[in-house]
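So that we are looking at the same thing, I have put the structure below in C-alpha cells.
Note that the chains take the letters A, B, C and D in the order they are written out, and that residue 1 is the start of every chain.
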Amino acid sequence: MSMADAIGRYVHDGDTIVIEGFTHLISFAAAHEIIRQKRRDLVACRLTPDLVYDQLIGAGCVRKLVFSWAGNPGAGPLYALRRAIEERVPHAIEIEEYSHFGMVARLTAGASKLPFFPLRDYAGSDLPLVNPRIRQIECPFTGERLAAVPALNPDTAIVHVQRADRDGNAQIWGLLGVQKEAAFAARNVIIVAEEIVDEAVIRSDPNRTLIPGFIVHAVVHEPFGCHPSYAQGFYDRDNEFYVAWREISKDRARFEAYLDEWVYGVADRSDYAAKMLDRWRDLTAADRPCEPVNYGY
Amino acid sequence: MSMADAIGRYVHDGDTIVIEGFTHLISFAAAHEIIRQKRRDLVACRLTPDLVYDQLIGAGCVRKLVFSWAGNPGAGPLYALRRAIEERVPHAIEIEEYSHFGMVARLTAGASKLPFFPLRDYAGSDLPLVNPRIRQIECPFTGERLAAVPALNPDTAIVHVQRADRDGNAQIWGLLGVQKEAAFAARNVIIVAEEIVDEAVIRSDPNRTLIPGFIVHAVVHEPFGCHPSYAQGFYDRDNEFYVAWREISKDRARFEAYLDEWVYGVADRSDYAAKMLDRWRDLTAADRPCEPVNYGY
Amino acid sequence: MTYSASELMVAAAARMLADGEVTFVGIGLPNLACNLARRMHAPNLVLIYESGAVGASPDRLPISIGDPALVTDSLSVCSMYDIFNNYLQGGRIDVGFLQGAQIDRFGNLNTTVVGDYDAPSVRLPGSGGACEIAILAKKVLVIAPQSKRSFPERVDFVTSPGFLNGPGRRAVLGMPGGGPAAVITNLGCYGFVDGEMTLESLHPGCSIDEVRANIGWDVRIADRIDDTPAPTGEELRIIREELDPLHLYI
Amino acid sequence: MTYSASELMVAAAARMLADGEVTFVGIGLPNLACNLARRMHAPNLVLIYESGAVGASPDRLPISIGDPALVTDSLSVCSMYDIFNNYLQGGRIDVGFLQGAQIDRFGNLNTTVVGDYDAPSVRLPGSGGACEIAILAKKVLVIAPQSKRSFPERVDFVTSPGFLNGPGRRAVLGMPGGGPAAVITNLGCYGFVDGEMTLESLHPGCSIDEVRANIGWDVRIADRIDDTPAPTGEELRIIREELDPLHLYI
C-alpha cells in the first residue's frame, strides 16, 4: 500500500495516534504524509515527541500531545512545541505528561488490554499534581501503595521496521523502544518497512519477529523512511540535521519554508529520498553482520 | 564453574528454586546434580514440573511444588508426583497451584520487583478457592475487578541457554518460555550453557541476549545438559524417553533403578553424555541457519 | 470408506474453523483439526501455541506443544509473557481449543482433580493455559470422547469456566471471551443454547439413545438434529498421509 | 596543566564510580565520566542507557541516548519495558546520573517548567526517565553548573525527587532508591547530610564565597572541606583524545 493510502485510510481527524521509535526507526515518512494530508485535531502520543512531532505540531495537526520527554536530543528544545505551549502558535495545544516509565507502562497495559499498569514511581514527584491520570493502587498482598497509570490504546500505531514480508510480519533489531507494545495496543497498525522480504527470510529467524502480520492493517515499503532518524544496518542518524533543526524550528518563517520544501514540496518519500540522495549515500551503514544461529532440530 | 560447585554454592536445603524452560532448554543436568547432592525441603517452582521435577520429587528433594501444569507432555501423568500427592511416597508434598498465565504473571512481577501482577483471569474458576494467593484488585480508573497474583522471587533460578560468554551474557533462540523473567526474579542465577563462546559472538548480536552477565552468579558449561529435553539448533527432544518415562516412573522400583543408573551412577553430566553418546548423535540437529542482519551504522 | 471416531472428530472440528481465524492450538486432535483446516478451506488460519510459536508450519507431527518443529519456519516466536498478555489477554485469539477429563452441562471443564481437591481420587495435570483460554478466547471449541463419567452434570472442579451455572453469568463476572461454542464428541456435535450444552448433530451411525446413555444429565436436544457429515476421502487422506502418518492420535 | 570546569567535573564524577557498579548513563558529561572511569579504575563498570543498550561499547561519542554506536557491539539490547521494569525497578541499577535545570537544598530536581506549570516562563523537556531514576536507583549523582538561578532553595517543580523536604521523607513514601549521593558543580562537590546538600570539597582555585554567591540558600558546609583533586594528565588525555576528540562537551 502507498503511504498516502495508508494514512488516508487509517489516520483520521481527531484520532489518537502513536508514531513510535526511540531515536531509532522514527517514521518521518508517515508524519510528512499526515502533514500533507492536513490531518487536524490529532491526539499525538509518543515518549519523545522529537522533531517528528515538532513538525506535526508546527504544521497544525495536533490538538493534544501525550509524552514524557520533549526535546531535540543533544541539540536543545523543540521550538514549534514551545511556540504552541508558550504562545499558542499556530494554536494552543493540550498536554498530558508522564515520565518514560509511565508511558512505557501505559502502552504495556494497552497492549495486553489491562485497564491500568502498576509501577513504583512518582512518589514525591509533582507530576501527579498536574496529571490526575497518575493515580495510586494498593497491593492486595503487601498493602504497599504503588503508582498506576491508565492503558493507552491508540486508534492507530505507525511502526517503521527494518524488514517485513508482504503480510506485515515485521522484524526489528537494534533499539526496540516500545514498538511492540504500541502495535499490540492499537486498533490499527501501519507497518512501514525499509525492505520488503520474502516470507522465507522472516521464517528463517522467527525470534526476530516483533510484530505478527495478522495484527497489521497496512504494509508500506518506504526506503530511507526514517531520515533524519536512522535504521540500524541501513543508514546512520543525520545528527547534523538534528542540530540544524534548532535554527529551523526557532524561526516560524524558516519552519514554514522547511515544510514547503521538504514536505509540501515533495510528492512522497521516494521524491524526498531522491532529493536527498547524496546525504543518503553518506549515511549508509557499514557492514557488521551478526553471527547466525541454527534453528534446526 | 562445575555444576557440582554451582549447585553446592547456590542451592541449599529449604531454598525456593526455579529451573525453567518450556519443553525447550530444561536443565536436567542441574536437577540430577541437586539429586546427587541430596538437597532436601526445596520449594520447587515451574510452570510445567515435567520429568525434571518428577525426578526431584521422587528422589525426595521437594517439600513444596508450585506449578501450573503437571503432566508428561504427550505421554500421560507424572507418577512420582502422583505418588507423593496420593500416597505420600517418599513423603507428602505441599502443592500451590496456578494456571500458566498466573505463573507467568508471578515471575513477571518478581522480575520487576512489583509485589503483585494484575491479570484478567480466574473469574468463575475454582482455582482461587483452593489457592488463597489468587486475589482480586480494583482498577483505579475503570473500577473493574481483576485477578492479582503475588510476585515469585526464588532464591535461585537455573537457566539453560544455547550460548553464553564466560561472564554469563546468555543468548537463547527458539522457545523463550519465562527464562528471562525467572532470571531477573531470582536472587542467584545459574546459567548453564550448551556452548561457551567468545564475548565477540555475543556482541555481534546483542538483541539475542536474554540475560545480561552482571546478574549471573555462576556459568556452567554443560553440553547435552538438557537431555531428554532439547536445545534448538543442537539436539532434538528425546520423545522416546518421554514415552518410556511413563513406565519408569509408574513403578517405584524402576524409578529407583533409573536414578541409580543415570543420576547416582554417573559422576556428572559429561559422564552421562558419554554413556548416551549414540543417542546424542541420533538427536543431533539439522542445519537451518537464520538470515543474518546488519548491526552497522 | 471407513474411518475412526477420532478422524470424524478432527474433520468436524476442522470445518468449524473459518479462514483467517487466529487459533490457540493444543496437541493431539486440535492440532490435527487446525492443520486439516489449513490444508482444506482455511489456508490463512493462524496457528498459535501457548509455548510461543506463532504461525507455525511444522514439518512433522508435534508430540508436545513445545516441539522444536513448531519453531523452525514459524513466523514468530515470542515469550510466554507475550503469548498470555498480548495475544490472549490482548483479545487477539479467535478460537481456543480445550480438552477436559470432565465437562458439564454448562460447558465447564475440569482438568484438575477427580474427587476432593485435598484428597483427590485422581490428580490430573491442572490448568496449564486452559483457565485463561476459557475466559479470554473469543470462542472455545471442545473435543472430548463422551461417557457418563466424563460428562457429569456438574464437574468436580471448575478449572476452565464455561457458562458456569447458566446464561448471563459470564457477563456478570466481566469475562471477555464468548465461552464454549461447540463440543465435539465421538457421538455428536453440541452447541450452546442459553449457556447449556445442546445436541445439534449426530455422527453417522450414532443414536440419541446412545448419546443419552453416555451423558450425566437429561441433555437438551435441538429441535432439528443434523447428521454430522462423514469425513471425505480427501480429508482422510490428508489426516492419514500428511498429518499423522504414524497414527499416534487417530 | 590547564583544564576546563567540565573536564574537572567529568574527572570528579568518574572517581565516584566503583568498579563493577551498574550505571544508568546520560548523554554529555555523565557519559564522559562513565567512560573515563572504565578506562581508569573501573574496567567492569556496566553502562546502561535508557534506550535499551546494556554493556555498550561505543566507538564514537554518542550524540543521543539512542545513538546506533551504543548498539553495535553492546552486550545486550532490550526493550524499554525491560529497561524500566526489570533493570531499574528491578533494583539492578547502582548509580543513576541526573542533570537538571534546577536543583534545590534537598537535592530535588526540576526538568519540567520554570515558573507556573500551566503558564510556564520556560517549558523544559520534562522527566524522561529522570523521575524513576531518582526514585529507584540505589544512588544518584548529579552534575550541574552552579548559579543562584539554577540552585534555588526550592525548585519550581519537583520532576525528580531528592530528599523532598528533609531526612526520612523518602522512607515514609517507600521509595526504594537511596536518593542523591553527590552533586558535582563547576565550583565544588557536595554530599548529603540529613538529606541536605552539604559542600564537601572545593575545586582548585574556587572559594567558599564563590560557592555562597552562586547558590540560593544558606548552604551547609562540612566541618572539613577537601580540595577536589585536579584531573591528572592521563585523565585529560583520555577525555580529550579518546572520549571527546571533537570537544563537543568539554
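The definition used in the following text is that contacts are C-beta pairs under 8 Å (C-beta built on N, C-alpha and C of every residue); 3 or more make two chains touch, one makes a residue touch a chain.
None of the values given here were measured: they were computed from a predicted structure.
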_For chain A paired with chain C, centre-to-centre distance based on mean C-alpha positions, whole Å_ = 40
*Between chain C and chain D, centroid-to-centroid distance (C-alpha), Å*: 57
*Any idea how many Å lie between the Cα centroids of chain A and chain D?*
28
*Which chain B residues touch at least two other chains?*
113-114, 119-120, 144, 173-174, 176, 180, 204, 207, 230, 232, 236-237, 285, 288, 295-297
*Among the residues of chain C, pick out those that touch two or more other chains and give their numbers.*
53, 68, 71-73, 77-78, 85, 89, 176
*Sort the chain contact graph into one of these: line, ring, star, complete or other.*
other
*Pairs of chains in contact (touch as defined earlier), listed by label*: A-B, A-C, A-D, B-C, B-D
*asked:* Please output the residues of chain A touching chain D within their complex, sorted ascending.
replied: 22-24, 47-48, 67-71, 73-74, 77, 81-82, 85-86, 97-101, 104-105, 108, 119-127, 130, 144-145, 173-178, 180-181, 230, 232, 236-237, 239, 242, 285, 288
*How about chain A: which of its residues touch chain C in the complex?*
111-114, 169, 180, 184, 199, 202-204, 206-207, 209, 212-215, 295-297
*For the complex, which residues does chain B have touching chain A?*
113-116, 118-120, 133, 135-137, 139-142, 144, 146, 148, 150, 162, 171, 173-174, 176, 201, 204-205, 207-208, 230, 232-237, 285-297
*State the interface residues of chain D toward chain A in the complex, per the touch definition above.*
27-28, 50-53, 63-68, 71-73, 77-81, 84-85, 88-89, 108, 112, 117-118, 120, 123-132, 134-136, 157-161, 164, 169-170, 173-176
*In the complex, go through chain D and note every residue touching chain B.*
20, 22, 46, 53-55, 57, 68-69, 71-78, 82, 85-86, 89-92, 176
